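Pasting the structures in now, so scroll down.
Consider the two complexes below, in which chain A is the common component and chain B and chain C are the respective partners.
And then the complex of A and B:
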């Protein structure tokens, strides 16, 4: 009996977590299901089935599709470049021996703990002085060097057998060769997990797009949906469902790697 | 394995749909907008008479703003629809004008509208002020609707449209067996090391079919509702058109 009650309670909690997503999906297919004026969902189930929200968003506001591809470009390029930068950085933090390494890593973690709002202004000033504001680089460049993935990869690399690296050093003096041919193959699951994390983080970015970009044509879909300017509630809900799909696809592809990666990183 | 397959399927379908929408959404939207034929309000020479000092009447010319008589609408024939360029595209605006003499299919405008304004002389369906439109030449659907509005004999047009529609239906139906053959060929040849070509080949095929249909299909403007997914609108419009 006790088990049943616990199960019911847990199921209820799970449902509560899923409720916003369910409401978004269900109401995106609804007919006048939403109080347009106050932006409130008035009932759990919409009064009827309609594709008008999707039609209005994808056909009448076809410019939204450009923002969708912007999101794909920003999240994709940031993720790939971020991993390309993070792997050598993590290798240096975990394997190399140099003075001040621990202090530098401490600052890295400090930087990771900083809220985004703290770094927005310095980044803005830097981008302004480099005349990169209102360009795609304004979004990509600061995000490529985000410390989160370096931290994760460093933690994982610290767990690798040191004797392998020492054995490899007997074969070659090339650090890059060791990193690419020995370390990276062992990091596969960890890199995939980091890929999912970083992609999801930058797929959902709002503030950066809002501050660094002025032109609507350059903004990602997340920025457009967050403001919702010129869109009705049903269009925003339809957009949110479309916005969710790539992340779901990503999870379906990499959920195994994500679980193994998180486990191996002891997170 | 099943999850990966599901992910492959969702990925292929989702990104193909998004790609196709990116390519064709604007065209689809434009399809729902009324097409209008316009003519600029310009100054034209109208015949006039002038009395000389000797009392004799001389024939002369005067240049005044004029529009084609087709542009005059309304019960009193004093209303003109014009196209204004705004941030939201080309929008119809209504003007009440005062008119003067008529000559060679043009009517003199004595007030109410400025020269340079684009006056609507025909449309492919019912239009109203505030509506977004696209400017087109004097094509079949515009001519057909405008002639019907004027109560002219349109049997010739209708026969022509019927022929064109029949051809379109044959084309669309013809695409289905060709698609089946294309998929079978894809399955036959995209095997083993060429397996990766299967999905891109089908996507390219899909795009080609869309381009073909877009270039081929001719629909009477009056059939098309404001939203392409409005099934009732299609039915009602088609019934009212009575082709």
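And then the complex of A and C:
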């Protein structure tokens, strides 16, 4: 009996959590009654089926697709490069011994905890001095070095068996080969978790695009949707759904890895 | 082996170089900017910029609102996550999949749900929609962390404690709480730190750089000064914010170490 109550309560909460997402999907296929000025709907149930939002967005305002591909490019390249930089760094943190290692690692934690509004200004100044503002690199480069992945991978590695290294050293002298052939396979779960998490974060990026980029043609879709400039509410809804698809796919495929990987997020 | 360990250090170089280039060195310049009159005169004015920022009524409003968010939304976030993970722990088989509903919103782009969010709250101009959006976005991560901690608890420890005569509430107070408290403290720390990141949700919800007064947080202050490119003001606000967060992190980590047995 008690268990049934718990199940019902949890299901109710779960529904509540999914409601905004479901409503977005439903309304994107519906005839909505819309309060255009404020980008919101005036009724919770659409009054009929319609693909007008998708049509307008994909055919009339086809240039929005360009911003979609920008998002793919930014989030994809940031995530891949970020992992490429972070795996070696995390490996170094778990293997190398040097003075001040703990302190350096604490610096990574500190940086990871800083809100964007603190790091935006240093990033901006760095980019300005390198004359990279208003280029795609302005979005990509600072984020490649974001320390979250180094932190998570290092913590994850603490739970791994380390004795193989001496054995591996008899076979090869290349640190790189040891890393690629012995460590990376063991890190698979965590790397996938980092991939999904970091990708979602930069897919969702708003502020960087606002501040580092002037040209509309370079902006990712996230900012455009949020402000809705030049789009109708039904187009924004259709765009929201299209924008969610890559994240849904990634999550459904990798949610196990994501959860297990993120469990290492502790001090 | 020795050479191997030496070579391992080299693997840190790309990451360190990037951090130096985009974070550390520019941050030193930020400190420098916060101490001069302006970029043209470059006259050293000590802490004058800081005083000016602190006297700015909008900065104080922003600081107050940011602290209020920590004091109200963070406890709700942590307690809700705690209860939900306790309940989710009891779910077996297919019912385990309920977790997905709570974790997925963490990844969903805020921009995607914002139209519906405005509708659900009828475009309300109070603080609640944004507080709830903050909880909605972050609860997944906390549930993952807390569930992981809970799942390590089961079994032997409890049996041993029962043999020693601990039952019910006493059992949880003496065993569960101490074992879970490092994780709990970490989730509180994450909640506090992430509350400083809530700007995006608020910005998207209100769709403007000038939200109602009660929702004007530190991040708005900084974002808006960004567009004015008032470096001195921005730099001192950034340094102050980073100091506040740094203090929170150091205290949080210390506390956690103290409670880890």
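In this section, the second predicted complex is superposed on the first by the 251 of 267 C-alpha atoms of A that agree within 3 Å, B and C clash if a C-alpha of one lies under 4 Å from a C-alpha of the other, contacts with A are read in each partner's own complex, and residues count from 1 in each chain.
By our rule, a contact is a pair of C-beta atoms (placed from the backbone, for glycine too) under 8 Å apart; a residue touches a chain by one contact, two chains touch by 3 or more.
Since this is a predicted model, take the numbers as computed values, not measurements.
Applying the stated clash criterion after superposition on chain A shows that chain B and chain C can sit side by side.
When the two complexes are overlaid on their common chain A, residue A:60 makes contact with chain B while staying clear of chain C. Applying the stated contact rule after C-alpha superposition, one finds that A:69 touches chain B and leaves chain C untouched.
Touched residues of chain A were counted for both chain B and chain C, and C has more of them.
Contact with chain B, but none with chain C, is seen for A:52 once the two complexes are overlaid on the shared chain.
In the superposed model, A:255 lies in contact with both chain B and chain C.
In the overlay built on the shared chain, the residue A:23 is in contact with chain C alone; chain B does not reach it. In the superposed model, the vertex angle chain B-chain A-chain C (Cα centres) comes to 130 degrees (nearest 10). Closest C-alpha contact of chain B with chain C, superposed model: 14 Å. When the two complexes are superposed on chain A, the residues of chain A that touch both chain B and chain C are 255. Listed in rising order, the residues of chain A touching chain B in the complex are 51-52, 55-56, 58-60, 62, 65-66, 68-69, 242, 245-246, 248-249, 252-253, 255. Chain contact summary for the complex, chain B toward chain A: residues 3-4, 6-7, 10-11, 14, 18, 21-22, 25-26, 28-29, 32, 227-229.
Against chain A, in their complex, chain C makes its touches with residues 1, 3-5, 7-12, 14-16, 18-19, 21-27, 29-30, 84, 87-88, 90-91, 95, 98-120, 123, 136, 141, 144-145, 148, 182-183, 186, 189, 193, 196-197, 199-200, 203-204, 207, 218-219, 222-223, 226, 234-235, 238, 241-242, 245-246, 248-249, 253, 256-257. Here chain A touches chain C in the complex through residues 3, 6-7, 9-11, 13-15, 17-21, 23-24, 27, 35, 38-42, 44, 85-86, 88-89, 91-93, 95-98, 106, 109-111, 113-127, 129, 141-142, 144-145, 147, 150, 165-166, 169, 173, 175, 179, 196-197, 200, 203-204, 206-207, 210-211, 221-223, 225-228, 233, 236-237, 240-241, 243-244, 247, 250-251, 255, 258-259, 262-263, 265-267, going by the rule given at the top.
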